[in-house]
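Let me give you the structure first, and then I'll get to my questions.
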Amino acid sequence: MYNAKIYVTYKESILDPQGEAIKTALHRLNYENVKAVTVGKYFEIKIEDHGQNIEEQVRKMSDELLANINMETYRFEISRIEED
Amino acid sequence: MYNAKIYVTYKESILDPQGEAIKTALHRLNYENVKAVTVGKYFEIKIEDHGQNIEEQVRKMSDELLANINMETYRFEISRIEED
Amino acid sequence: MMKKLTPTEIRDQKLYLQWGISEDEYQKINDALGRLPNFTETGLFAAMWSEHCAYKNSKPLLKQFPTTGSQILQGPGEGAGIVDIGNNQAVVFKAESHNHPTAVEPYQGAATGVGGIIRDIFSMGARPIALMDSLHFGELNDAHTKYLVDQTIAGIGDYGNCMGIPTVGGETTFDTIYQNNPVMNAMCVGLLDINDQQKGAAAGVGNAIYYVGAKTGRDGIQGAIFASTEFSDEQETQRSAVQVGDPFAEKQLMEACLELIHNHSEYLVGIQDMGAAGLISSSAEMAAKAGYGMHLNLDLVPQREEEMIPYELMLSESQERMLLCVKQGFEPAVEALFAKYESEAVKIGEVTAGDRYQLTFKGVQVADVPVHALVDEAPVYHQPSQKPQHISETKKQQYQPKIENLTKTFQAMLQQPTIAHKGAIFERYDSQVQTNTISTTQSDAAVVRIRGTQKTLAMTTDANPRYLYLDPYYGGQIAVSEAARNIVATGGIPLAITDCLNFGSPEDPESFYELEQATKGMTEACKLFDTPVISGNVSLYNESNQQPIYPTPMVGMVGLIENPAWITTIDFKKSGDLIYILGETTAELNGSELQKMQLGHVEGPLFNFDLRYEQEQQELLTQLIHAELLNSAHDLAEGGLAVGLAECAFASELGCDVKTNLTATELFAENQARFIVTIAPDKQKIFEAQVANRATLIGQVGGKRIKIATMDDVIDVDLKNTKESWKGALAWQLN
Amino acid sequence: MIYSIIRFPGSNCDWDMYYVLRDVMNVVPQFVDYREKSLPQDTVAVLIPGGFSYGDYLRSGAIARFSPIMDAVKKFAYAGNPVIGICNGFQILTEAGLLPGALRSNDSLNFICKPQKLVVENNQTIFTKRFDLKQTVMFPIAHGEGNYYCDSATLQDLKDHHQIVLRYQNNPNGSTDDIAGIINQKGNVLGMMPHPERASEAVLGGEDGKMLFQSLIESMTQNV
C-alpha cells in the first residue's frame, strides 16, 4: 500500500483571498509577526500497490482531478506503508 | 524567519463528505486501487523571528483559528528560512 | 471507547444518573421491564426519556396550544404539520432549533440544523420550497461572536444553497445575553399534493424496515441528552463528535424519497427522518404510532466506523438518514430506486406483532423492551414556577429617554445591528432558486408563489425576546401578533404557526415561569387569530454558568394570499402618495430599541398590550388590502415610527415629508398593532370613509429627503446618504 | 426541436430552466441524465443548468465533467451546435475545457445572491443578438465560486476574438476584467455566472433574461 500526500495551492501569480483573510485574522489575534499566509488543499490518498508506476499515477490523478492546472499547482510525496 | 506548514484534517470519526466524493470520482476514473481519500487544509505561514517560542506560537494559532479542535486535528512542521 | 457495564453495575454505580435518568425514572424503567435494564436498554431509555424526545418538562404547557382547525390536516406529532390550502394542495412546515451544536461548531451546527428540518418536510411527502431562520447572537463587539455569526450564516447558506431550496427570510438580533448561547432556529416550508401525505408509522407484520442514506458514525452521540442538559465549561471537553453535514448526500436522498413517495407510494407503509436520538427514536416512534413491535438486526446497519456498539448505533445522530417501512415484496424495487440516486437502502429489520422492541447484534439479543414504555411512558413533570425577581422588583415607570439631537439619535438607531440592513446576511443565501420568490425584503413577510396557481404564500419568523424578558405573558402574545401582523401587512391570511421555544432550564422556577407565561400568551393569541400550532420544537437549558438567555419563543407563521393583486410591499411607490398611520402611539419605551441603545439593556414593565385591539387593526388592514386601496403597507416594530418610515423610503428611491403631533421620543415608541400605509391621492375619499377615524394622515411620499417633523424637533436627512450608512452598518460591524 | 437540459447529481436549477423554456419561451425542453451516452436525436441546443454538481466538493464542476454525457456534449459542441452553461454549468464547461479559464472563490469568500447589472459586450452571437451593444441588463447572480480567472495571454486572446460577452457593471466577486460571461472562438459555447432563467418573468423582478433565450431560439428557427 502507498500513502500519497498531495498539496494543491494557487499558482504564485494568483491572489489567494483565503490566505489574505487568515493573515488579517491572525494579525487581529495579535500575531503581528505573521508575514504571509498561503492556503491550499491537502489530500491523503491510500493506494494499493498493483505494480503500477505510482508516481505517474498520482501525477495523473492530480492533473485530471485534484488540481485545476489553469490556476493551481501541486506537489506530492509518496511513502510505502505496511499492509495490515 | 520561520516557515510553518500546518495540515488540518477531520478527526478520524468525523464524516468527510469531500473525501468520499473524491474517492468515488477516482474510482469512476478507473483508479480502483484507491482505498481511502482524506481531504484537509494546508497552510503555509511565514513568521518573523521575534525570539518567541515558535512551536508554541504555531500550536496556539492552530488551536485558536486554523483548526476547530472539536472536530479537526492538525500537525505541523517548522523550518528556518533565510531572511531576504 | 465506551465500557459496557452489567445491569447490576449500572444499578450499583448509578451510571444512569450521568445519562440524565433520575432515581425515580430508573425505578420506572425497572418496573416497565420487570428486571434491571442492560447497558443498551439504559441508553435507549435515556435518549427516549430526555426532554428533547419526550418533552417531559414542557408537555403540560404544550397541551394548551390549539392544534386543530378545519384547515389543519396534520397537527403536532409527525415530522411536520400540514395545512390545507385548497385544490388538493397543502402547505407543510416546521421549525427546529440547533442552538447547542451551533455554539460548539457554528458552521456544521447551523448546516445540520437546516439539513434536519428539511428532512422533516420531505418525510411528509412534501417538496421543500422555502427556508427561513431566526438567529440571536451576542453583541458584535466581540471577535468570537463575529466568528459565530459568520460561520452560522455560511453553514445555513451552504446547506440550503446546495439543496436548491431558497432561504427567503428570517430575523437576526444581537444582545449580550446570547454571548455564550446563540440561538439558531431554522424553518422549512414544503408544498404537498394531499394524495401524497405520509406518516411515520411502521405497520403490518413482516413488512421491512429500511435504513436509507448516509452511513452511521459516532457523530453526536448523546446529542439529544446533551441538548437537554445545561452547559458548563467542564462538559465542553467531554462533548462527543460534532455532526458534519453533507448537503449533496441529502439532495440525492431527498430526490430518491420524493420519487418513491410520488411515483411508487404502493411500496411504502411509512417514512420518518432520523433526527435527534437517531435510529432509536425514529424506529420506536414508527412502531408505537402504528401499534406494532419491531425487530432490528444491528449488524445490518451501514457503518462508517469500526467496532461500533449497539448503544452507539442506536443513538448516533449521523445526518442524512431516513427510516422507511416498506411493504413485503417491494424490497428489490426500493433498493433499485435508491441505487439510481447513488444512495444506500438496506433492510435492517421488520415489523413484528405485539409490543416488543427488540435488537440483536452479533447474533445476541441486546435489547427487548416494550415499545410503549420507550415512547409513551416517559414521566411528565410539573415544575415549580416563580416570577423572576427582575420582574417583581422592577420600578413601575416608563423609560424617559433623553434626545438631545433628534437627527443624531435617528441615525444612530439606523446603525444598530438589530435594525441595520441585513444584506450582509441574506445575500449569502440563495433566495431565488426554484424561481418562485416574489419578495424577500420588500415585504414584511416573504412571498413565494405556488406555481400553476394564482396563490402565493407569505411566511415570517418572529420573536422579540426583549419584550418577553420584561413580560413573558404579553411578550408571548406579541410574538404571535407580530408574526400575524407581518403576514397581514403582506396581504395574507394567517394559516397556522410553528414554533421553537428557546428557554433556560425548566428546573429553575424563574425560567419555568417564563416558559409557562410565554406559552400561555402564545396560546391566547393563536386562538384569537385562528392560527393553530401545527408543529414546533422545544430547546430548554439554554444557559451557561447559571445565566439563561432571554425567553425566546420563535414563531414561524405561514399565510395564504389568494389573489396576486393583494400582495403588498413596504416600499413607497409614487411621489405624492399619502402616508397614514394606523394605530395608537404613546410614549411607551420600556423594552424598546431606543432604551437598549441608550442604556445597554432593557428594563421596567412592558407597555400595555391589547390583543383584541391588535386583531381589529389587522382586520382593518386586511379590508383595505382586499379593497385594493393601498400602495404600500409596513408594520411598525423595533425603532417605532421613525425607523418604519425610513424602511419604506429605503426600499424605494423616494423620500417623505411627514408631520406628526408626536414628541420626538414618541417617534421611537414601540406600541404594537400599528402600520404605515400609503395610498394614491385620488383614493383619499374612499379610504377615509373606510377607516373612519382609525387612521391618521401624517404626510406625503416624495423628494430625496426623509423629513419627519415632531412637536419638539425635526428629522431632515438626505435619503441616499442615510440609506448608504444603514445598508453598510452591519457589514461594517461584522468585520 | 428539443432543448436538452443536462442533469447532474446535485443540479438544482434544472427545473427553473425547464419552466422558463416550456412556459415562458414555449419551446420543448427535455432533461438528459448525466449517465446517458447520447443526446436526444432532435437536440438543437444543450443547456447546463446551475446547482452544486457532486456538492461542488473539491472544485465546482470538477467531478461532473467526467460524467458519461459529457462526451456527447463535447461532440455536439465541436460540431458547432449551441451549448450554454449557467453558473455551475459555466464551471463545468471550463473544467471540461470547452471554455478557457477557471472559476475561483469570490474574493469576499462569501456566497453572493443578488441582482447584478451587466453590460452586453458582444451582441453578435447567437445568444445575444437581441440585445443592443453595451446595453445594461439585470440578471441575478447566486454563487460562491464565480470569480473568473485566466492568465494574461488568455485574456488578450478573449479580447482579440470578442469572446467577452457579458461584463459586470460593478464587479461583485473579483472576476478578471469584470468578466461575467464568455463565448468560445467558434461562437457556439457560452458560459456565464448570472442567471437569465431567474430574470425571465416580471413577477420575479425582471425580464431581461428572456432576450437571451429569444436570441437562441430565433437562431435555431432560422437555421431550419
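The first chain written gets the first letter, and so on, giving A, B, C and D; residue counts start at 1 in each chain.
FYI, a contact is a pair of C-beta atoms (placed from the backbone, for glycine too) under 8 Å apart; a residue touches a chain by one contact, two chains touch by 3 or more.
Listed by chain with UniProt protein names: A, B = Phosphoribosylformylglycinamidine synthase subunit PurS; C = Phosphoribosylformylglycinamidine synthase subunit PurL; D = Phosphoribosylformylglycinamidine synthase subunit PurQ.
Quantities reported herein were computed from a predicted structural model and do not represent experimental measurements.
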Farthest-lying chain, centroid of Cα atoms versus that of chain C: A
Pair with more cross-chain C-beta pairs in contact, given B-D and B-C: B-C
Distance from the mean Cα position of chain C to that of chain B, given in whole angstrom: 36
Computed distance of Cα centres, chain B from chain A, in Å: 9
Gap in Å, rounded to a whole number, between the CA centres of chain D and chain A: 30
Sites on chain C at which at least two other chains make contact: 246, 248-249, 342
Per-residue multi-chain contacts in chain D, two or more chains: 54-55, 57-58, 63, 66
Of all residues in chain B, the ones touching two or more other chains: 17, 21-22, 25, 29, 39
Touching pairs - complete list by chain label: A-B, A-D, B-C, B-D, C-D
Touch list for chain D against partner chain B, complex: 54-55, 57-58, 63, 66
In the complex with chain C, residue positions of chain B that touch it: 10-17, 20-21, 24, 68, 70-71
Touching residues (chain side chain B, partner chain A) in the complex: 1, 7-9, 22, 25-26, 29, 31, 33-50, 52, 57, 61, 64-66
In the complex, chain D residues that touch chain C: 9-10, 12-13, 15-16, 19-20, 50-52, 54-57, 110-114, 140, 142, 144, 195, 197-198, 201, 203-204
Residue numbers on chain B that touch chain D, as the complex places them: 17-18, 21-22, 25, 28-29, 39
